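Each of the next two complexes has chain A plus one more chain, namely chain B in the first and chain C in the second.
Right, the complex of A and B next:
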């Protein structure tokens, strides 16, 4: 789909979508704007996970840690130091990237499920530290009422900031996926042994991927601080990690924008279904089962396949 | 050019390679033969660094490469193809070879240049040489077994090797595919000047293209010599005819 939409007339659709996104604050009520911001930054988080999971084939099951670390990094600098708030937005993602380096360096020795188990344990360790360290992180209360620079304090501007940063990050990740590094990464996913035999240092490439993904997850965390002005330990809890994994699978983990779509579906479900029933996760469970049975490549994966049949096949026949 | 000296390798007490010796001179085609389970693939894995030997040494151009990781061995211009097809399933043929070329050109850390602009000429050249150029945009999952085996060789060529190791290059191929593959191996030596080490069960192929043959039985080297020497050797006769595994011509 991306390919089709990027070529020829596809540009028009992208431009239209973008203009619409920028005009939305003029018509949407405040609540929906907040919701949209949350979808954007969660989508960014899920896309960063997909860089590791879908493109890299590394089972990083506890990705939320980097999201939380970015958020806490930003929040702590904003509340506890007198530094410029913009430094806080840079430090947050860097904290996540550093955490990605440390955890990655320890976990990368193992592969597949063993990697996943060690990664979940280390991630939970970070969570418990944040959860218990009352004097520094605020413990289970989290940090509330984080002071933001004036320019970001209106909901409209917070939305614009989120939108622009998300777009920049998505563009950067798209470039990475299409670069030689991205090709190699997909090669490693498909066949690590073969990759070593054509001269690629597999572990080092995987480690860099974990750092990059950690960085972008940290950006998403910082954006959450802007949108919500709070941080809390649940942002590092493993249930959130599971949720973003589901977003990737639901949207389509072999497509670039699938995780973003997955994030939109899940957040919309949580928001709207939970007004009818507290068992909203039941709806999610049923949806997930249907997706696994009928759309194994996710929603966007399915749409892409259909589009390929409609658009590309007639071209080949000519 | 390549020399393996008394290599030993065991798995859980089973001696997979039990005193193997191998010598390959520049420009030669050397075949390793032996019954199933003789340790041929394990020996190749030791040479290319996928496995570390329990003892023994591997030299390449008089340099000790024993126990180096595969990606370092590959940088010394040793490439290999695998017995069990080992390609990148979700990528196209072109991308498969391109990754290999990019790796050799050390461009894999490049994060922001689109891959579609890099290593195009080299990749096309290799695909041209092995005869896969017409199918280059197909996903490998959709290829026939024979084409995938050829792709294996193409990927190995992406590393611009001087020394090429082929693990049963024609296994499972249809007769005409086999012919194409043999022709390809001969060309690689003649046109590109590669030194080739391969193992194979089909004796017609082995005696047809190899300059020298090394025979392995139960992990041990029985003999390495010219085709005639091997054919007349008593121990080889016993191993093959006695075991009833295959028949020497």
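Right, the complex of A and C next:
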């Protein structure tokens, strides 16, 4: 089945998966539906990070800021203003994209580790403002019980909304990766100097990627508001950013669906492990170490490699 | 007030800077070692009755304990990874810090702990025309420069320092002249971590020792190292000064958002001097 999926011949498998996803609310209890929604939106977040980190090769270490900014943008408009809720869902991602533009514009002149550090510094600044500004953002309590439009308030509908939006976003990102823009981006990752030489505006492309990734992270943040009806400052903390990095790594850097798989594995494991021990970070740390040592290309990367060996080697031998 | 915070920041970030400069590991677990140092200081001082002897023993014992932990971590794990790219190293050390965090929770529990200030340093002295200044902070102010000078002597005047500086420039060549680079790196790593433990032991009497104290500190230490210039000890001192002073000034001026100021200072520095204020060893 996996073989068919990865070779692109298995449209039927994709269709079956999709139909299954749409039918799940009929059989699954409420908690698992919630879990599935969280997996979907976290997967979207991880995929948006992979756009920058895996395809763009930019050291985006503080991706959670955009996620949190999108969530807070949506939550604040829903609670503080009387505007239509649908405007809130558009404004959230736009706030993230704007933040991506500002932070990107400041950071882009630096490279590698310096870029990462400046970004973490700026991100911590945003986190502190959210954390300390009690009157506006609710401080460390966050915002609870965010009013949603009636149509989204049932768990089933929230799930469908998350599923549809996630699918649209994934499709859009897939198109971006496969477009000329995406190819240029991967070229810049592999050899920035050569790209500069043949007349590509490297910084502009990187900045655009940061904005796009920020936008999709903001979408994930807005979806979190729909699913959980809360926001809290930990959504912008740097430890979450590195957890998203782990998801990308676990699933596979250079695969499109890897981050989604990584998010699913980590969130399912967290739910499972938390039922019988409080030491989840210990388990996560050990899992991460094993992945870094034994599966540096991630689960999906490993499968792809194996498949290539199975499919291509016989051809070469002939 | 700001200056004593600066001392802690300097001691921790100089260790981080040493590891970054020589070993090129962006070690996120450094913050966890600082936390472990503080918890060890708590235990040692409690075992010896919370008095003066307990404090002095904690000041010696906690860094040594941390050094032992880091030696095990280096020999068992980090030494296989020096050739990996930064991203992997960063995530790996993050994994180590997660593990350390939970181990601390297992050993010491999740409650707040406090370490008493020793009798000698209780009370205040009057400085600058009658401003009361805690004696313990004065003690920190004296410790800071001592550590700076000692570290400078180790790096510049001893054989191990010279070898480690050479290894920074060309690791293979140092190996080729018959020096066991692996052990030199281990020693440098342990010295860096010892400083983290010392920072933890020194900070323990002034704050409540708790889980999560590593999370904010490691970011601050990284920023200090970056604005100072990677691997440069005086850079770490300068960065810690900028960070500590803007922080305390900020809290004086605008208590709610005072903590914003040091981050803003870091951004300004990086905008004008993207590779740090002083020369980096990279």
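A few remarks follow.
By our rule, the second predicted complex is superposed on the first by the 302 of 318 C-alpha atoms of A that agree within 3 Å, B and C clash if a C-alpha of one lies under 4 Å from a C-alpha of the other, contacts with A are read in each partner's own complex, and residues count from 1 in each chain.
One rule holds in what follows: a residue touches a chain if its C-beta (ideal position, glycine included) is under 8 Å from a C-beta of that chain, and two chains touch if they have at least 3 such contacts.
All of these numbers come straight from a predicted model, not from anything done at the bench.
In this superposed model built on chain A, chain B and chain C occupy separate space and fit side by side. In the superposition on chain A, contact of A:285 is made with chain C only, not with chain B. The superposed model places chain B and chain C at 80 degrees from each other around the C-alpha centre of chain A, with the value given to the nearest 10. Of the two partner chains placed by the overlay, neither chain B nor chain C lies in contact with A:160. In the superposed model, A:193 lies in contact with chain B only, and not with chain C. When the two complexes are overlaid on their common chain A, residue A:175 makes contact with chain B while staying clear of chain C.
Contacts of A:109 after superposition on the shared chain: chain C is touched, whereas chain B is not. In the superposed pair of complexes, A:302 makes contact with neither chain B nor chain C. Which of chain B and chain C touches more residues of chain A is settled by the count: it is C.
When the shared chain is aligned, chain C comes close enough to touch A:246, but chain B does not. Of all Cα pairs spanning chain B and chain C in the superposition, the closest are 13 Å apart. According to the touch criterion, chain A has no shared surface contacted by chain B in one complex and chain C in the other. On the chain A side of its complex with chain C, the touching residues are 53, 59, 61, 106, 109-110, 112-114, 116-118, 120-122, 124-125, 128-129, 132-133, 237-239, 242, 245-246, 249, 278-282, 284-286, 288-289, 292, 296. Chain contact summary for the complex, chain B toward chain A: residues 48, 50, 69-71, 74-75, 79-80, 82, 86-91, 95-96, 98-100, 102-104, 107-116, 118, 155-156, 158-159.
Contacts from chain C toward chain A in the complex involve residues 26, 28, 77, 86-88, 90-92, 94-99, 101-103, 105-106, 215, 219, 222-223, 226, 256-257, 259-260, 263-264, 266-267, 270-271, 274-275. The touching residues of chain A, counted against chain B in their complex, run 175-176, 178-184, 186-187, 189-191, 193-202, 205, 208, 254.
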